[in-house]
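Worksheet: the structure to be examined is printed underneath.
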Amino acid sequence: MSRIRDINLWESGKKKIEWVKNFMPVVNTLESKYSFSQIFKDKTIGMCIHLEAKTARLALAFKNCGAKVVCAGSNPLSTQDDVAAYLVKEGIEVFAWRGESSEDYERNLEEVLKKEPNLIIDDGFDLTVLLYKKFSYLKHKIFGVGEETTTGVKRAKALLKDRGLDFPVVAVNDSKLKFLFDNRYGTGESAISSFMRNTNLLISGRTFVVAGYGWVGRGIAQKLQGLKAKVIITEVDPIKALEAHMDGFSVMPMKEAVKIGDVFITATGNFKVIGEEYFYDLKDGAILANAGHFNVEIDMETLEKIAIEKREVRDNIHEYKLPNGKRVFVIAEGRLLNLAGGDGHPIEIMDLSFGIQFLVMKWLMERGKELPKVVISVSEDIELEIAKIKLDSLGISIDTLTPEQLNYLQSWE
Amino acid sequence: MSRIRDINLWESGKKKIEWVKNFMPVVNTLESKYSFSQIFKDKTIGMCIHLEAKTARLALAFKNCGAKVVCAGSNPLSTQDDVAAYLVKEGIEVFAWRGESSEDYERNLEEVLKKEPNLIIDDGFDLTVLLYKKFSYLKHKIFGVGEETTTGVKRAKALLKDRGLDFPVVAVNDSKLKFLFDNRYGTGESAISSFMRNTNLLISGRTFVVAGYGWVGRGIAQKLQGLKAKVIITEVDPIKALEAHMDGFSVMPMKEAVKIGDVFITATGNFKVIGEEYFYDLKDGAILANAGHFNVEIDMETLEKIAIEKREVRDNIHEYKLPNGKRVFVIAEGRLLNLAGGDGHPIEIMDLSFGIQFLVMKWLMERGKELPKVVISVSEDIELEIAKIKLDSLGISIDTLTPEQLNYLQSWE
Amino acid sequence: MSRIRDINLWESGKKKIEWVKNFMPVVNTLESKYSFSQIFKDKTIGMCIHLEAKTARLALAFKNCGAKVVCAGSNPLSTQDDVAAYLVKEGIEVFAWRGESSEDYERNLEEVLKKEPNLIIDDGFDLTVLLYKKFSYLKHKIFGVGEETTTGVKRAKALLKDRGLDFPVVAVNDSKLKFLFDNRYGTGESAISSFMRNTNLLISGRTFVVAGYGWVGRGIAQKLQGLKAKVIITEVDPIKALEAHMDGFSVMPMKEAVKIGDVFITATGNFKVIGEEYFYDLKDGAILANAGHFNVEIDMETLEKIAIEKREVRDNIHEYKLPNGKRVFVIAEGRLLNLAGGDGHPIEIMDLSFGIQFLVMKWLMERGKELPKVVISVSEDIELEIAKIKLDSLGISIDTLTPEQLNYLQSWE
Amino acid sequence: MSRIRDINLWESGKKKIEWVKNFMPVVNTLESKYSFSQIFKDKTIGMCIHLEAKTARLALAFKNCGAKVVCAGSNPLSTQDDVAAYLVKEGIEVFAWRGESSEDYERNLEEVLKKEPNLIIDDGFDLTVLLYKKFSYLKHKIFGVGEETTTGVKRAKALLKDRGLDFPVVAVNDSKLKFLFDNRYGTGESAISSFMRNTNLLISGRTFVVAGYGWVGRGIAQKLQGLKAKVIITEVDPIKALEAHMDGFSVMPMKEAVKIGDVFITATGNFKVIGEEYFYDLKDGAILANAGHFNVEIDMETLEKIAIEKREVRDNIHEYKLPNGKRVFVIAEGRLLNLAGGDGHPIEIMDLSFGIQFLVMKWLMERGKELPKVVISVSEDIELEIAKIKLDSLGISIDTLTPEQLNYLQSWE
């Protein structure tokens, strides 16, 4: 009933999932803890995810704890067909393949919704938006949604403001273990790894422009700084701009940065961050990449329109020749740098996020119907439980406050 | 009417204040903007502050904008007598001198309250607590308090919980421009500068234990890491502990850290962080210092009791000989490392905080009576105004969202 | 006459070479400068190199400047068949294919020597050693050898000591532009890039053991430190050990490090750095990789012998199960981490080395017969010429000493 | 017979020396090892040194090992009168006081030479140059000289070239334990510490221009980078310039840098690095400091001449008003930043250098008459002995090569 590339690819998918399992102590621990009681029995979990080994591991953990699981890919370029095949072999329904068209993408999301999920894991909010647009009769079946991304949370809030929500949407992205870790360390490292792999260029001494000094932007900027790049930050928020300055970065408007930068990485969550007014001022051979959410931060539409020639010059890199004779290289067609060109986030980072997702699904199932129908945060208990499991797995123990110290913190004299 | 060490010291104090004025563009700009209209006319501002050149500059700015200003020192060791002298010469009342006793300290705070201030700037909440204890008849005259420190804000919240507040207390410390800048960059650098100056020891390769990975702790830890120290973090919060781990630090309980560390810097806001159970396990020659608020993070009381010998071995450093024969060096008797041993925070950092304090006082004066009588945050408008003044002074301009981009951020489809 | 995998792969090879050409300003400049006069006319250059796009670019530059060029691969795993194909298409003779056996490897080197080269570029000294062993009748035709690696230079010196040399061997590896740049920045970044790509693991917070604090080791260690790993250094030289300590690293013997490390990267130039006595003490799941020269730094022979099970668990990664039940992961079978698993050094780094190689070949051709028959350094003139070309390409200009300053430096009063 | 400020200051000097003794394990170990046999018996050691606690500790170690010791200060601003007093009290002859005039400085050096030293420790080569100029009849008594600084070694080489040497001059400065540690870590940290202490300014985000990327310059630059300053490097050597670029610094000519920098630190060993042509282009309020050798790197003579006003605005800082209205701040009148304004190098760094000096004096005494009369290097044996003593004191043990590994390194097949 699944729609994937080829079931026979499963063996390579299995190997990939076994590899990541070695480095996912949090999900492993949760699975062990809850599989005996089959806590997700009789529940269907719909997942719209970057379909690769780590998310697959989460899907399997849900399944091993009793859930029926249905998956679609959240990005046509991030789906790994062998991983999808192994999931299907293990009894999970999957509707995704690498390079699916926009139409197929939407049809695949529809397939997930047709299975009438009780719980949704979303990555960008496409699945939930589709539910509102075409499957609103299913709303009452939903305990809640766990949304993974900043962009998705923004969209959830906009939807709430516009139409109201019919179930809680948990902003997994706003949990500390997500935004402090996934965005900062995960995207930070994987964007750089992907840049290196895709270009074979040196980072030392190269001038990077990072657009946006939010968690993603600062993760990337700090890792680049650690590798001795020259880093320029563009921002719209004066306070973040000042932080960037104090953190040792050059801060300037994009208008000036375009003339200087060798490489541009967008991480704003906004669109047209590098838009038409800037393309002509780029240096010949400038490289553009996006580490935000969609392929709109770089205005690809306009770039396609104004370019007089386009060709693939290396896997995942296209060269655009502009009317002024300059060439611009774009990695992964402006889609997510760290996903499209590589294996995505480092394994241990996703282990944290997915530990959160696991407990969020459990919490929504147990308490979702009582919760307010708004965008809500991950409860602190869940965060602490995950952090402790992770520290344990690292063999790290920490201090605890004495009763006397607790008391001291609460007194005012 | 003031009580200071010696009015004749003013000339040296003047020079110090002129020096800092060179590097305080934010306060300078605000003073220029509001002195013509004398906005603080007929208001009395009571300040309990580390009395040195930078706070003095703020006090003068208030005065130049029309206020009557009365100051006490917030720490017996941080008052600079020459600076106090110049303030008095310029018409500000001051009750403070270096090395004043605890009794004098309290009496000096009383003198400030006797002037019946309308606005209070507090640093640790001692002045406000004293108001509640002994001068509660003055409460109705107060528009509000600006509290500078984490510890002070904690005490304000405890007081609120316990007795209720009679005027708003603005948690200046919780403003982004304070906790992101002062705690992190300011204390980070000045604690290190003070360590270097007081010990003449090398940081490269030395093992530092930083207790607490809050804003102050991480500021210090990151600066030490940048100077290539080996840094161990102790924490009670699992999430912060995990961040410290991911930021490249060793994380362990204090019980283990005491056996390894060469230097200990406490930054928890709690007390007895290095207490009796740990002193005996320290290495011979271990150095202890505190960058939190009071001299209680290191349990000095107990250390004094158990030591068999104590002597000053260098300015600001005491050696304690323990019964087990080991020696422990304590900088500045466990008081604030960056203040007691040096000139305190770097000038530009205080300029940001004091810009905030300036506008907070203006805001409390204009709106304090309508505000809820609780601990409140600095309004975002104030933060943005200060950040912009600072960026301007650095010659940095930044991007602004286009209407189209603003719209994009608010849509959900 | 070439022996390669498949000539039809050329198109992809061409694209790769075009890509690197964009980022090789030094070789491009030299080619432009010397192609008109065809300076290498009538000379045959034998190259034993990692056969990928960047070395191919150098080979083409020689050809475009008049030389006859014959190439073999210096490592069976680093040859890229499409690149080899394009070289052949452009008229260069190539004897190499990916995965060639040891016997084929030697036979291919023999083919190069049969073309009776006048100039040799060697990478590990295998080609020159073979010349001494089997083709010594060709020695008189050789103007000289440019040797690229530390290991090769060591072998050249040992050969000189043992038998004497019959022509100069230029220690390209000992040029500043090589050991300060290639080893440090090049291997530093590419080893990390390869680790990330091959494992999909996080670097932040992970414990790496880097064996050897020479230029390669410190390059890797500093980049890992910049990415916030915890780094342990093992060394045999007390001075380097002390430097590592002062640079913020933990220093300990391998005996202790094996018990703590998550990942081990050898960079000593020696063999059995991780040998039998250590395998059993490794943590379960430890990852081993080599960034030195041959696959002997990790004692793979012994590991193969003692392991009770071996399987490939991910591309380029083998899992060995030890008798004590622990698993050890080895990247690229202990061969060069940065080459075997990726595209090798960043392009710009090789551009510097290859600029040196270009001018060294020119210098040997013009002056080789007069030079002493020993291991000699790259002349300072060559180094400065290359550095200036590179700075120019970056748009960087620098200061020059005034005559007065030059004079000051030379006076002693 | 000594000429110092005041013998009664000794008690404070004693305390300072006791403090540094806690952190000088290398000199302590050497003293213990050689005091019993009184190895320097009947020898006179003349020292021209920065007369503060650490050098005093070395002088005492010589004395405790039997030598007669005579000291002068190497810099009128670095002599500490209390330390000098304690040395005299302990039986060492001292000719130095803080703030001595140039004439007194020379007369004091003469006093040292009049004692007819057999061994000389020099810091800048002034003492030895004076010997050649006025005391050449003493040359035959000299076993040799240990010269501490880069500048001094340059002068020694110039003297050798010009007139020849009559005894060996050991370039202590060229020993690895000196130039890799003292220049890089020592000056790096102490220059920054001194900047912080003298200005109370923030380093984060500030633009520093470091002139010279030798060991001193890169030490300072890297520490500033670690503290998140923006750092510009000026250089005359293209290879060093390229290294600086790859290490993440901006590289440009001084001509451009003067317009951008907030703070300038010279570290070139040359003169007029910031000369007349640059003063007018500095920003208003620019701060100048020197971490090279003499007060000639900044052309103070010219600055004094062109300034229309000069006043001390803070201890150790003078403000010069230029005809164009701009103000320039100079720290310590252009003398050595880290010495004049603070306690000089961190203790442990000097311990390494002084361990070298100790063994060099022993070596010159035992072998000096047989050694070539040129500038010679510290023998590797001495370096290794000191490094091992230091590692031992840190509790660090390292690996040793197996015989099999040694053999491997020497073979070429």
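We call the chains A, B, C and D, going by the order they appear; numbering starts again at 1 in every chain.
The definition used in the following text is that a contact is a pair of C-beta atoms (placed from the backbone, for glycine too) under 8 Å apart; a residue touches a chain by one contact, two chains touch by 3 or more.
Since we're looking at a predicted model, the values are computed, not measured.
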{"item": "From subunit C, the most remote chain by mean C-alpha position", "value": "B"}
{"item": "Chain pair showing more contacts of the two, B-C and C-D", "value": "C-D"}
{"item": "Residue-number overlap at the subunit B/subunit D interface, same or different (half cut)", "value": "same"}
{"item": "Distance from the mean Cα position of subunit C to that of subunit B, given in whole angstrom", "value": "53"}
{"item": "Centre distance in Å when subunit B and subunit D are each reduced to the mean of their C-alpha atoms", "value": "37"}
{"item": "Centroid distance [mean C-alpha coordinates] between subunit D and subunit C, Å", "value": "38"}
{"item": "Multi-partner residues of subunit C (each touching 2 or more other chains)", "value": "185, 202, 204-205, 225, 228, 245-246, 394"}
{"item": "Subunit D contact footprint on subunit A (complex, rising order)", "value": "202, 204-205, 225, 228-230, 245-248, 250"}
{"item": "Parts of subunit B lying in touch with subunit D, wherever the complex brings them together", "value": "15-16, 18-20, 22-23, 53, 185-186, 188-190, 192-193, 196-197, 200-205, 223, 225-228, 285, 313-314, 317, 342-344, 346-349, 394"}
{"item": "Of all residues in subunit D, those that touch subunit C in their complex", "value": "125, 129, 154-159, 162, 176-177, 180-181, 185, 234-239, 241-243, 245-246, 251-254, 269-272, 383-384, 387-388, 390-391, 394, 396-402, 404-405, 408-413"}
